[in-house]
Each structure stands twice: as structure tokens, then as C-alpha cells.
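Next, two complexes with subunit A in common: one pairs it with subunit B, the other with subunit C.
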Partner chain A sequence: MRYMDKTIVGLSIAFVVLFCADFFMAEWVRFIGLQSLARGAVALGLLVLWRTGLVSFGHALYFGFGAYAAAMLTLIGYHDAFFLVFAGTLAAGVLAYLLGFLLRRYRAIFFALLNMAFSMILYGVIVKTEELGSTDGFSVLTPTFLGYAPKGEAVQTTLFIFTLVFTYIITVGVHLYMKTTLGGMSMAVRENEIRVEYLGYSAEKVIHVKYVFSGLVAGFGGAIMALAIGQVDPDSMANWTVSGEFVFITILSGIGNVGATYIGALVFELIRTYAFEYAPLFWQFILGGSLLAIIMFLPDGIWSLFGRLRRSDSSESSSSSNKAPSP
Partner chain B sequence: MQELIVILVDGLVFSSYLFMVSVGLTVIFGVMKILNVTHGAFYAFGAYMSATLIGAYYNTDLPEFGGFLAIFAAAIIVGVFFGIVLERGLLRFLYHRDEHIIVLATFAMFLVLEDVLLMIWGTDPYYAYEPMALLGAVDIVELTFDVYSLTLIGLAVIVALGLWLGLTKTKWGKLLLAVIFDREISQAMGINVTVVFTVTFVVGSIMGALGGAYIAPTISVSPGIGVEVIILSFAVVVIGGMGSIPGAIIGALLVGISRAAAVHKFPEIELFVIYAIMALVLAIRPEGLFAPAQARKI
Partner chain C sequence: MTAVLEVRDLQKNFGAVIAAKDINVTVNEHEIIGIIGANGAGKTTFVNMVTGYLKPTSGQIEFAGRNIMGLPPRTITNLGISRSFQVPQVFASETVFDNLMMAYAITEASGLELLSPLYNDERAARVDSHLARYQIAEYRNATSSTLPQGVRKLLDIAMAAVSKPTILMLDEPTSGISVEEKFDLMDTIMEALRQDQTTVLFIEHDMEIVERYVSRVLAFYQGRIICDAPVAEALLDPGVREFVIGEEYHRTRTANGNGGDNGGQL
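Let's turn to the complex of A and B:
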């Protein structure tokens, strides 16, 4: 092979390692892993938006919509994970497509807040709907996988592989997409929208496409989450603080690399789990503190750590081999 | 007719409440262009501090009406302390960063302060009903309203008038308008923008704390009261146009009266009527009803 894409190689290695590890993982590790994959997928959608210069403080809307769509289908007798996740993803995608016509006209803080307004409408609807368990939510039965109905621990093992396969496909897909013309338009729109229009592209259409994509993956993440936890409720699925957590993960990861979102999600999940475990009353304090630390000291996210390592390596080697004075 | 009056009075009280909790947010955004999520924590701290001070005050033998001073003292203590600590200790390092990052930093600070609140006051609710009991109740068309809530309308009017006079009639207000209009040029003209920012942030914090401090006697002051307030005040400020004080008044009236109407007429939509209005207004006028026009930079 003449050329190998490092990111795809890295993702594939991670995929194989996680796939094998799935059979040996402790149950709680797998559970954290599942949540990280689900949240990481949502953050991936936000990353695509962020590259366009837009931050949404309301993606819990699609997360919650996907989760509730999947969960409601189990109420009327559908239990196949493929169908449920597909339906949750699609439902969120359709919603994002419709709202996109309105939202693609907004930028900056207005975009962020309008998203939040819509997510709070969904939250209000869920809380007020007694049939959906109001603030308590309702539980989701164990899914089947194309007729295979696992029992006990096998449920999570299967679900993990199921999630892993789909997130792998999505992530590689996003990585390849970013190299296409449409993907490259992201940065262009962020830098100067008016010039993009002069070049003959429609900035609004670019944004709309990205918005629908972010809605789709958020719905996917929500549906997975509903199946993984076996429960949906408005406060952990659709409240504005959930949206804040997604933005947190995106900031944590940085926009350097698609794989970083999963690392960011994992770090987030670990901070939260351990903070909750050791300081149940003050976990928000720890979460907020870590977020502040990252904003102050790691402005480009965790991924920039790898970049720093690589840069210091290459600067050492280049300084030893190349004595030419820098311009 | 009777119902209409009830809705109107209820709506005005709620509007005044909304104006009080959102005016601090809009002042800070107007001058500094920062959407301050920590505002919710100022509100909560104001409420707790006020409940504590009122409790302490009524344990002494001082005249009963002095309890109102405790409310304002609580707001000033909380606002000045957190305003200075936050602006000098955190925000000034972030001014050159992306606006989303600043929002997220204030969100992080909000999470931290929520737990600091628990560390100081614990999880038990506090009650400080004395000022409310002192003023008694009044009948308006056969329905009883407590006078304390009605004084909220007066307070909101005073705050709005005070801010308007301060902005248009004083030297400080004019300096502030210059900074709002163009930060860099006013700095070049010799205005100390750093001081203007700190003072603005402290004033905004005091307003936020005052909202909580004044409402404290009418509610049970318990953990989590700050979260809802953030969303409410966001909605009001966004509807009116971020950074506009007349906008905050109109936004508060619009939201307050529609919510009162919803509570009396269609209680099931009460929770999201606010966001529905917000989405509707933004769909028609994305900058909000009163926001000044922005020049497009190429």
C-alpha cells in the first residue's frame, strides 16, 4: 500500500481491540464503554456542526427524541434492536430535517439558543405526558437481535458489538466525508460565509446537511442509550443540562479528529462515574471543575495532547537532522 | 371579566419576577457580550443568603420592617462577592476566546457553584416567610393576593427606571453606551474598559442575586432553584433581544402574561408556552424584538 489513512487505521485497530475485549470486559466497564460510544456518536455530530462554526445547546432534543422513539416502539411490541435503533435514528433525522429549514438561517448564539428552546419544548411535552411516565419515564424491555434473544450478560455483550459496529461505520464515514468537497465546505462556511456564497455554494444548504447529520447521530446515540440503560426519562435524556454535557464532550475532545470524540466521551463518563462514586454530593463540582480546567489549560481538547507529543518528537528529529536556519 | 383581572394581576406579578431575574443577564450580555449561565447560581445564592439573613434578623428584637433591609443586604453581599471573584478570577482570562467557550465556562462555574451551595447550606429547605406575613393579604375581585408579591411589581418598576436613568442621564451611563457601541474605539479614547467590565458584571450579579433574594420569602428555598431560572431568564432575554433593557421588559410581560393565561385557561401547556413563544419570536425576528441592528462584517 502506498498510502494508508492513519485515522482509519487507528479506528480499525480500536475496533478490533474493543471487539475482542468485549468478551472479557467486566460488566461495569462494558456499560461505561456503551455509554461512551453513544455519547461519543452525539458529540461526533456536534463536531461536524462545530467545524461549520455552529454550537448547539439543544442536541438533547434529538438524543431524547431518538431515545423516546425507540422506547415507544417497544411499548407497541417491537423489540428488534436493528429496527429500534434505525427508527430512533430516522425519527431524529426527520425532525432535524424539518427544523433545519428554520435553524439554518441562524448563527452563533442565536443558533445555540434556538436549539435549546426546541429541546425544552420536547422536555415540556414529555414531562406533561402522563402516558410516557412524565418525569419518571418508563422502562425499555430487553431487545432482540434479528431473532437472537440473548439472556443475562449476553444482552450487553451483544449490544456492545452492535453499537461498536455501527459507530465504527459512522465514524469512518464521517472521516471520509470530511475530505469531500461538501465536508471541506465546513471550514469555509465557518471562516467566511459570504465568500462561500460568491463561489456559488449555498452556505445554508451546507449547514442544513450538517444539521440533519448531527440530528441523525444524536438520535442514534439516544436509541442506543435507551436500550443500554433499559430506561428512558426526561431529565437524563432531554433536559438542557444533557445538551450541555454533549457540548462539554465536544470541547473535551477538540475538533482535531473524529476518533477523539469517543476518547472525550470516555473521559467524561469516567469523571462522572468516579465523581458520583466517591463524592455523590459534589459530583457536579468535580465535573464543572474539570471542564474549567480543560477550557483554561487544554483549549484545543484532549486531542491536542497527542499533537503536542508528535510535534515535540518531530521538532527534535528535525533539529538534529536539519541544521538550516529557519526563515 | 373577573378572570381577566386575575390573569392580568397574576401575569404582572410573574412578569415582574421574570424581569427581576433576567435584567442582570441582559445587562451583562449588552455590555460584555457574554451569556452568563452562572446567573442561575447568583439567583440561588441570593435566595439562600436572603433566607439566612432574614432568619437571623428576626431572631433579634429590631423593628420588624428592617427585615426588608436584610433582603437588599443579601443581594449586595452575594453580587459584589461573586461578581468580582468571577470576573477578575475567571472571565477576564477568556475574553479573547470564542463566545461558545465563554458560555461553557460559565456553565461549568454554575455546576461548581451549585455544589458549593450544598456545601454551605445543605439539602434542607429554608423558609423566610416573615416579610411576607408582615404585609398581609389584599382582596382583588374576591380573590386574595398577598401584598408582598404585589410589591414585586413596584420593585421591578423602580429597577427599570433606575437603570434607564442611570444609562441615559449619568456620565457613567454614557461611558457604558460608548463601550457597548465600540469597545476598541472607546478604549482608544481613554475609557477604562477593564473597570467598566468589572463594574457591569458586578451590577449584573447584584441584579441576579436581588431577584433571588426578593423572591426568597415567597418560596421554599431548596436546592435546584437556580436551574429553572436560567432557562426562564434566557427565554425572556432572547425574546426581548439580548442586551436590551426595554426588550427585557417586553419579553417579561409577554412571557408572564401568556403564562398566567395558560395557567388559568389551559394548565396542560403551561410548561412549554414560554419556549413556544421564544421559538415563535426567534423564527420571525431572530435577533429578538428589540435588539439593535448589527452591521455585517466582510
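Let's turn to the complex of A and C:
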């Protein structure tokens, strides 16, 4: 109970509710939920980077790498979701570890755009590789789960629970990690790298650790997305617009809480789905307008709404307690 | 006395500009040394080279018998040389308490300990004790960016001193501090450092501060050390009078009968 706090309680409640809801929710709702969990996990990695003072415009690199790594394994006969997602996550993590040696030396716009440059290299490689289906991509066969081979709707139901369990573990893990010395160093590096160095620790090493983590969770999100959609293709997995979506979700969510990224991802999916449904010619306009509204009215993201509500609640209760008693 | 820092033939060039040349210094443990000189004389360049912020062009720096030339700041800090800055380097949006909490956590943690909780009661107690020692406890919950300059300076120095360094180098600890506050500030710093028996080198333009707190002076002029002597002797040195403190200060000082050695030992 030592580590239990409001965030973990909230995440646990959300986990139980979604777990139970999985057996009742409509297929299209589950599909949006799956996408939100996958994209939310990527945004969680961006949140960790953001708290360190860094923004990446290229995390589709790891998302796409994780997705393609998992999908390619299905081509050579591996179908177990645990193995595929683990392999996709690990592959993206190893790539982030290697590129991290270069990227940890850059800050601000240079960091953001170097990430984008690397992501576009991956995009270019995929597009030019016939064996990977070029611009069309290729299909991913239905996964099995430790020998269990679900059929029909059970595939998505099982995959949703599978994803839910792992995102819960990752999110609680990140929340606890942010309370450790290494996690807390995000603030220190963001605020003053010189002081961190003169306290005896490498700011670059801190950034590298967080970068690898962000790569791991982006790879996880990509692998999940590949299994959820049953298809990988460069435009929806590795293009720069996908990186933009992750930044969009992070701004939408705010960096106040690890759970916010999933709410942000869900809101993003809903806006996009409904905008495309009801205004197919203007859906990007609606998406952009929503982002503009968030930046103008909720600059700290959706999560700041909860803070505002708490503050207004407490001020109301304090003002009512200050009122003179009625005669 | 045991030498803790040996600097030999240190030089730093920025292109064609020679910022420091022929720097030879031996620092003994528990010494309090004042580094004086006009702007651009090479004082901060010297401190930056010793603390790893700048890589020397040539020469040798030995700390406790180990060559530290070209090592990064974090390695030098971990070996035992720490520093503060002319512009305080703190975590501006955090509270004074959180600044020191982070300083303690970074200083103490290594390996898997980095994954232990940042906040714990035992560490918090040490932070509070440190705040009291530097007399900034009343600002415990204030955000660093809102602090008065003197308090921010103290916080910067307090953070640098968390690791209990063998040598602490202070870059102009009283710059931007009012005349009324400067002695109180220095009293606080020196008393806190005396408890840890820290060897202190500090850059200072205020000769009243130098006379009162240091035992030895390194006077810089055009990148060279033109005088390395006990404080009373150094302030009478013709070169120091001409190029560093100015003849007018010297006349005022002798007119006030302040020509003798007033100590400077802690």
C-alpha cells in the first residue's frame, strides 16, 4: 500500500471498468478503445520526454518499427500475440537505444526534427521495399494468445483485454517511475542541465534512458495497432503525419498525469471518427480547430480540467463554510 | 599542509585570443583563497577549466594526485570539486525544498538506487537541516524564481555544497547583493563551509570581502596570475595595486589603517 495514491486508484478503477465493459461493448467502440490504448501508450512515452523538456516530431519511427517488426514475424510463422508484441516493443527499444546516442546530444527543434528525419528514412525504406508491400503494406494474420486461437468477435475481445492488461502495467510502472530519483530527474534536466552535471550526473544519460523508454512504448503501441487493424502500411504507421498525431494527443492530454494520455487518445479518435463521418470534406479542419481550441482554452491539456474542477469545488465549499449561518 | 589541487602551465586559447596562460597554482586543504582581477582577466576561465566546463588548451590539473584535465564536470564533481555560478544555477520553477531534495537525490543515488523513491523522510530531514545551516529555511516552500538575489545565491551554493566537496569554487558570491547584505551572506556561507572543512576558492571584486574572509589571494591580469600571496601582502603588491584594485582603493585602505593582515582564516 506504500505506493498507492489517487492516480493508481484511478487507473485501477478504469482498468476494472474497461475489463468488464469489454464483454458488453459494441465492436466499433472496442476498436476505438484499442486504438486509443495503443496511441495513448505512445503519447505516454512522449509525455515522459515532454517532462524532460523534449518534443519529438518523429515517434512514428518507433511506432512503425514496432508494427512492422511484429507484422514481419507473422510472415515467418509466429502468431502468438505475447511474442509479437514483445518482439515489436524490443525492436523499437533497441533502435531507440542506438539512435539515442546521437539524439541525446540535441535539444529543442533540432531534437524534434532529427527524430522526424529518422522516421522519414524508415518511411522511405518501407515505401521502396517491395517485400514489405511498398505503399500498400501487407496483412497481419489473426494472433493466438499462448495457444488460444479465438475466432470472430472473440479475437478483438481477447486482444482488448491483452492490451488493457499491458497498458495498465506500463502506465502504473511509469507513474511509479516518475516518483523515483531517475524519474524526478526529468524536471531537473528540463530546468537546468548545467546544475545536473554539477551535481555529478549526466543529463545526456537521463535523456537517453527516457528516450529508450519512449521508443519501447511506441513500439508496443505499434505492435498492438498492427494486430488490432490486421494490416501494416507506411502511411498509417510510419509517415510524419502519424508522428504529428502523437504530438496532437500529447498536447490534447497535457502532461499532468499518466492516465491523461489515454483520455487524450480517446478524444482524438472520437473527434477524428465523427468529423470524418459527418464532414468528410472538412474533417482535418475540425481536427485542427479542436487543437487550436485546446491550446487557447486549455493550454495544459484536458487533464487541467480536473484540476480546475477540484479548485472550483474547494473554493465553493470554503465560501459556503465562510457564510454566516442562517437565522 | 597537504596540497589538494595542483595546476601547472595551464593555458586556454579561444582562437587567437589567449584567455589564460602560464597558470601555476597549488591549493592546500582548508585554505580560503580569493581570486581577484578586472573583468576579462581570466578568473572565471580558470574556474571553468578546473571544474571541467572548459577544456584547457594545454597544461596539467591534478586533484588529490589524479589528473583531471579534460574530464567532464560530473566526473570532477564526483571526485570532490564543486562550484557555484555568478548567475545562480537552480531549478527555477521548483521550490527551495525541492531543489535541495533533488540535489541530495542526485548526489547520493547510483545504480539501482536511482530507482528508489525521490522523497523519503530521512532525506527530507537532511534537506531541512541544510536549509537551516544556510539560513534559508524561511524560504523552504518558495519557488526559486521568486527568491531575492541573495537567497538564490545561497541556494545555488547550498546545492553545490550538498556533496560535501573537498574544494568548492564560488563565482562572485556577492555580485548583485546590496552592501548591507553582503557580510551577512558571506558569514553564512563561510560558517556553513567551515563545518565541513571545505577548501574554498572564490572569485570576488569586492576587496572588503576579500580582506575579511580570505587567507590568500590569486590576482589575475590579462590571463596570467600576477600575484599569489597572503592577502595583506597581495593587496600591497604594486602590480595588484595598479592592475586590479586601483591606487585609489589602496590609498583609502592605508588611510584607514587597514594595511595589516586581518587573517581570513575561518
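Going forward, the second predicted complex is superposed on the first by the 313 of 327 C-alpha atoms of A that agree within 3 Å, B and C clash if a C-alpha of one lies under 4 Å from a C-alpha of the other, contacts with A are read in each partner's own complex, and residues count from 1 in each chain.
Throughout what follows, contacts are C-beta pairs under 8 Å (C-beta built on N, C-alpha and C of every residue); 3 or more make two chains touch, one makes a residue touch a chain.
Remember, it's a predicted structure, so these values are computed and weren't measured experimentally.
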Touched partner set for A:Ala149, first subunit B, second subunit C, both or neither = neither
Identify which of subunit B and subunit C touches the larger number of residues of subunit A.
-> B
If you stack the two complexes on chain A, which partner ends up touching A:Phe118: first (subunit B), second (subunit C), both, or neither?
-> first
Check the residue A:Phe110 against both partner chains and state whether it touches subunit B (first), subunit C (second), both, or neither.
-> first
Between subunit B (first) and subunit C (second), which does A:Phe282 come into contact with in this model arrangement: first, second, both, or neither?
-> first
Can A:Leu182 be said to touch subunit B (first), subunit C (second), both, or neither?
-> second
A:Val17 contacts which: subunit B (first), subunit C (second), both, neither?
-> neither
Partner chain(s) touched by A:Ile194 [first = subunit B, second = subunit C, both, neither] | both
Subunit A positions touched by subunit B in one structure and by subunit C in the second | 192, 194
Any idea which subunit B residues touch subunit A in the complex?
-> 35, 90, 93-94, 97, 99-101, 103-105, 107-112, 114-116, 118-119, 227, 231, 234-235, 238, 242, 268-269, 271-272, 275-276, 278-279, 282-283, 286-287, 296, 298
Can you list the subunit A residues touching subunit B in their complex?
-> 55, 57, 102, 105-106, 108-110, 112-114, 116-118, 120-121, 123-125, 127-128, 192, 194, 240-241, 244, 247-248, 251, 281-285, 287-289, 291-292, 295-296, 299
Along subunit A, where are the residues that touch subunit C in the complex?
-> 177, 179-185, 187-188, 191-192, 194-202
Note: in the complex, subunit C contacts subunit A through residues 51, 72-74, 77-78, 82-83, 85, 89-94, 102-103, 105-107, 109, 113-119, 159-160, 162-163
